[in-house]
Amino acid sequence: MSTLSSDQIAKAIDVTCDTVIANEKYFSDLDGLAGDGDFGTSLATGFKVIKKELPEIDKSAVGAMLLKISMICSKHVGGSSGPIWGTGFMRAGMASKGLEEVTYEQLTEMLGSAIEGIVARGGAKRGDKTLLDALWPIHEKMQEMDGSDLGAVLAAVAAEADKAIDETRSAVAHRGRASQVGERSANTPDPGIVGVATILKDWCAHYGVDFVPQAAELKR
Amino acid sequence: MKKFVNDPENFVPEFMAGVIAANPDLLEAMPEFQLIKRKNVDASKVAIVQGSGSGHEPAHVMAVGPGMLTAACQGPVFAAPPVDACYETIKSVATDAGVLVLVNNYQGDRMAWDMACEMAEAEGIKLKQFIINDDVAVQDSLYTVGRRGVAGNFFVMKACGAAAEAGADLDALYAVADKVNSNVRTMGLALTSCIPPAKGDPIFDIGDDEMEVGVGIHGEPGRERTKIKPADEITELLFEAVANDLPYNSGDRVALMINGLGGTPPAELYVLYNKAAQLCADRGLTIARNYVGEYCTAIEMAGCSLTLLKLDDELEKLLAAPAETACRIF
Amino acid sequence: MKKFVNDPENFVPEFMAGVIAANPDLLEAMPEFQLIKRKNVDASKVAIVQGSGSGHEPAHVMAVGPGMLTAACQGPVFAAPPVDACYETIKSVATDAGVLVLVNNYQGDRMAWDMACEMAEAEGIKLKQFIINDDVAVQDSLYTVGRRGVAGNFFVMKACGAAAEAGADLDALYAVADKVNSNVRTMGLALTSCIPPAKGDPIFDIGDDEMEVGVGIHGEPGRERTKIKPADEITELLFEAVANDLPYNSGDRVALMINGLGGTPPAELYVLYNKAAQLCADRGLTIARNYVGEYCTAIEMAGCSLTLLKLDDELEKLLAAPAETACRIF
Amino acid sequence: MSTLSSDQIAKAIDVTCDTVIANEKYFSDLDGLAGDGDFGTSLATGFKVIKKELPEIDKSAVGAMLLKISMICSKHVGGSSGPIWGTGFMRAGMASKGLEEVTYEQLTEMLGSAIEGIVARGGAKRGDKTLLDALWPIHEKMQEMDGSDLGAVLAAVAAEADKAIDETRSAVAHRGRASQVGERSANTPDPGIVGVATILKDWCAHYGVDFVPQAAELKR
């Protein structure tokens, strides 16, 4: 069974930094449709620091590295995204404490822990139109698959996130700044979900995994 | 982008440095946390803190001063401050008397302050958190994050600030905050959008002949988008939404605030006040105190909000007490 | 036109009614002359009056109050008041101690006040007229009407208001006005135009990437039209123009004002103040008093002006004296 | 020789009211080019009152009627235009005090008095680019002509005002709000001169006098 080293995870995070930084304005514009237009900037502010500090961060243990990244989120990411992503990285880090590399099962559990933490922090439910509506199906898909072909897993979860964009598009947001505009949030994509899907799309490109996006927001 | 700005990433640190430079005797900063606090804090009194996105000046860091906030931190424009900054804000002014944490009801602020309060309490700091939610434009329901905290925040800060100076303890201060928040209602209206410096273009599009009724202080869409109306009709529609919500009844003494959202000049605010004062009289409300100016802005948005606060003797006295902040006239 | 306005012809009377409604204990109006005066004027003291076009609020009618103006009248937006109104303003507060008439140097204002002063003097009213001209953007020469009076006006009103309260006689007050005016310099800059309500569209066109350096408070073109620059460079260019004019020299104590022209939000003004304070320090100027906010606007123009006033002990004391106007924070 | 009755003068003033009111926005726009954009509104505010009160004003004497109109200017016209037009009407009224009708010579003298008063009030010199640069040549033309054909006089003075627009266009304003912008006022027409010329053009149309304007501002 395939395992992921701390360095491999660090590399994936580094690719994520590039995605978030490159999409700063786009993600903020999406957030401006029904929210307050800060999503892209908030996230990019933190991931610029992560990008810069990542080479220096101790990578001998996966958990410690993720906790360090969580702290950067607490320190540098404003808006709801700070507590949400900070909590996610913190819980994933706690779930992988002391490990030098993680198995596919451990990776799946780390995501499960992150999701639990985010739910506890922000109280979102299925269909509330948050990035959890992408993370839940991703987690379920990972539980279904055996992880023997990580490329296949990546293609499958990228497709789940992609699907989540369109499946939640017509919904009304019930969390975050966008929830305070009522019906007006319907028929706009959720920026958090688009963010997760864009990261996965870019991972596919980076790892040479075939993936044909469906949602308009990924086809730009 | 028609703004006075250098590198947009430095906008918040730079204006905060300006606030400190203009108030060297009154205030000091911890720039690494975008935090401003009073000098010479009286350790025997409850400290009052707040922190939220930038772009609402004079809220929140410019509201630090004797009789107002003890400390405040700022996030980037329109985004809640990072958790760390909230935590340091509490820690920087924590006294044995405790800390009152005033949070405007936005999920980002709430989550950041929740985490910060947990961290501070774990270190033995005595505190209470109070959530402000005065915006009647937003439906309050179990299925949303609830009503937003907007210009009514000023009255909570002012009343609690005065009570803290007078020596009230943490529970008493919480009760003051609760009394103000239960009796204050606001609704806003935008004529134009606004441009967060880092974004570089308007946060929403609005037609030359349109207005956004019930807009949030971050440009969030409101209750409805309509054709622009004469000032008196606008005042009426804001007044009705606000006055019917609590409701405010004949015989009530009130504070009335016409708040500018940043791009609306003083004269226009007084045109609105003129009509609002008439509407109060028509409804039998006595305006015991009034406030016309910029209290809680949305960067340079042209627009306004109307706030009513029902007063009793205690609140009236607290509002009348002296206070001082970064913003001065003379 | 994105403004809070009913019938544009009633814009000025309506905002003035709002000012009165918000300050019933302090102020009273003579609406037929668009005139606002203090209640309970002390007849033993010199009265101070002013009057100019509307659209510069809080100047001029909102600057009436104890320690500031005794009375002021407003013309239509950006136009000098009619002669009659100026005359009635003098008459309404004339005391045996006399009247100091403060006129900003615009031809319209000057001609109206000249005629009004002639009429008042013919009736035996004792008065002196003083002309304020602090705008360094305009070349002062025999062949023009001369430098405009802009935000520096605030300091003349404030210092004379305090001296009048302290019982100074008319000659002494004229000397105070002269001392302030001789030591104060201002220059403004616009990022956008503005819309007089009666005109309904912008008073000038300006590109999305342009700024107008040395703009007048009525949108008059200034020294030059350039590409927009970072805030620090803007501050530098205003500061250099102002500071080299008098000039202000190392060791001087000064008051520094960053004035918003109406559409620029507080945070941006503090970005400018931050840099201006550094430039003062670099030049060896000590900022004894500072002012950041809206003192003299051009309706809703996005822009600013920078003012320096060289202080001596007398002026510093006069600026520090208490005063009260229609605009309040608390 | 032709004389003008008080009623005839009142009628000409009434036509002037229509011109000023109809051009309120245009005159303000012209003033916005180098001045402060209030000329049209200031003048129109006063002339609306004149239009309304004119039927009630006692027309038994020319002088008293003009003094009444001067008072309306003092009361209702803001900006430089209040003192300028108010002074002009006042001096014309004083020069025709007690007269029930005025001769052509008296009319010419009344204009001369108005000009003197405006010069005393505002200190403008030839070429300062003010409405005096239209009034001076008009006055001189009137002195040259004998007034036997008032239509011919009207056509001639309208042409003088018309010419003044283009003759002063390239000049730099030395008076009024526009003077405070230095070189920037060059190559804009002076709104006061355009105002005078437009009034005379409309008088020509009203009295059936042929007049072919040259300046762009009159050809709209």
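Letters are used for the chains, namely A, B, C and D, taken in the order the chains are written, and counting of residues starts over at 1 for each.
Basically, a residue touches a chain if its C-beta (ideal position, glycine included) is under 8 Å from a C-beta of that chain, and two chains touch if they have at least 3 such contacts.
The structure presented is a predicted model; accordingly, all values stated were derived computationally and were not measured.
Trainee: Report, in whole Å, the distance between the mean C-alpha point of chain B and the mean C-alpha point of chain C.
Mentor: 29
Trainee: How big is the gap, in whole Å, between where the Cα atoms of chain C centre and where those of chain D centre?
Mentor: Centre separation, chain C to chain D: 32 Å.
Trainee: I'd like to verify one number: the distance from the centre of chain A to the centre of chain C, where each centre is the average of its C-alpha atoms, in whole angstrom.
Mentor: About 54 Å separates the centre of chain A from that of chain C.
Trainee: Where the centres are mean C-alpha positions, what is the separation of chain A from chain D, in Å?
Mentor: Each chain reduced to its C-alpha mean, chain A and chain D end up 74 Å apart.
Trainee: What pattern do the touching chains form: line, ring, star, complete or other?
Mentor: Topology of touching chains reads as a line.
Trainee: All pairs of touching chains?
Mentor: Listed in label order, the chain pairs in contact are A-B, B-C, C-D.
Trainee: Which bits of chain C are touching chain B when the two form their complex?
Mentor: Answer in residue numbers: 2-7, 11-12, 14-19, 21-22, 54-55, 57-58, 62, 158, 191-192, 208, 228, 230-232, 234, 262-274, 277, 290-294, 297, 299-300, 302, 304, 319, 322-323, 325, 327-330.
Trainee: Write out the stretch or stretches of chain B touching chain A in their complex.
Mentor: Of all residues in chain B, those touching chain A are 9, 53, 75-85, 106-108, 111-112, 114-115, 138-139, 143-145, 147-148, 196, 198-200, 203-204, 216, 218-222.
Trainee: Within the complex, which stretch of chain A touches chain B?
Mentor: So the residues of chain A touching chain B come out as 25, 28-29, 32, 34-38, 41-42, 45, 71, 73-84, 86-87, 121-122, 174-182, 184.
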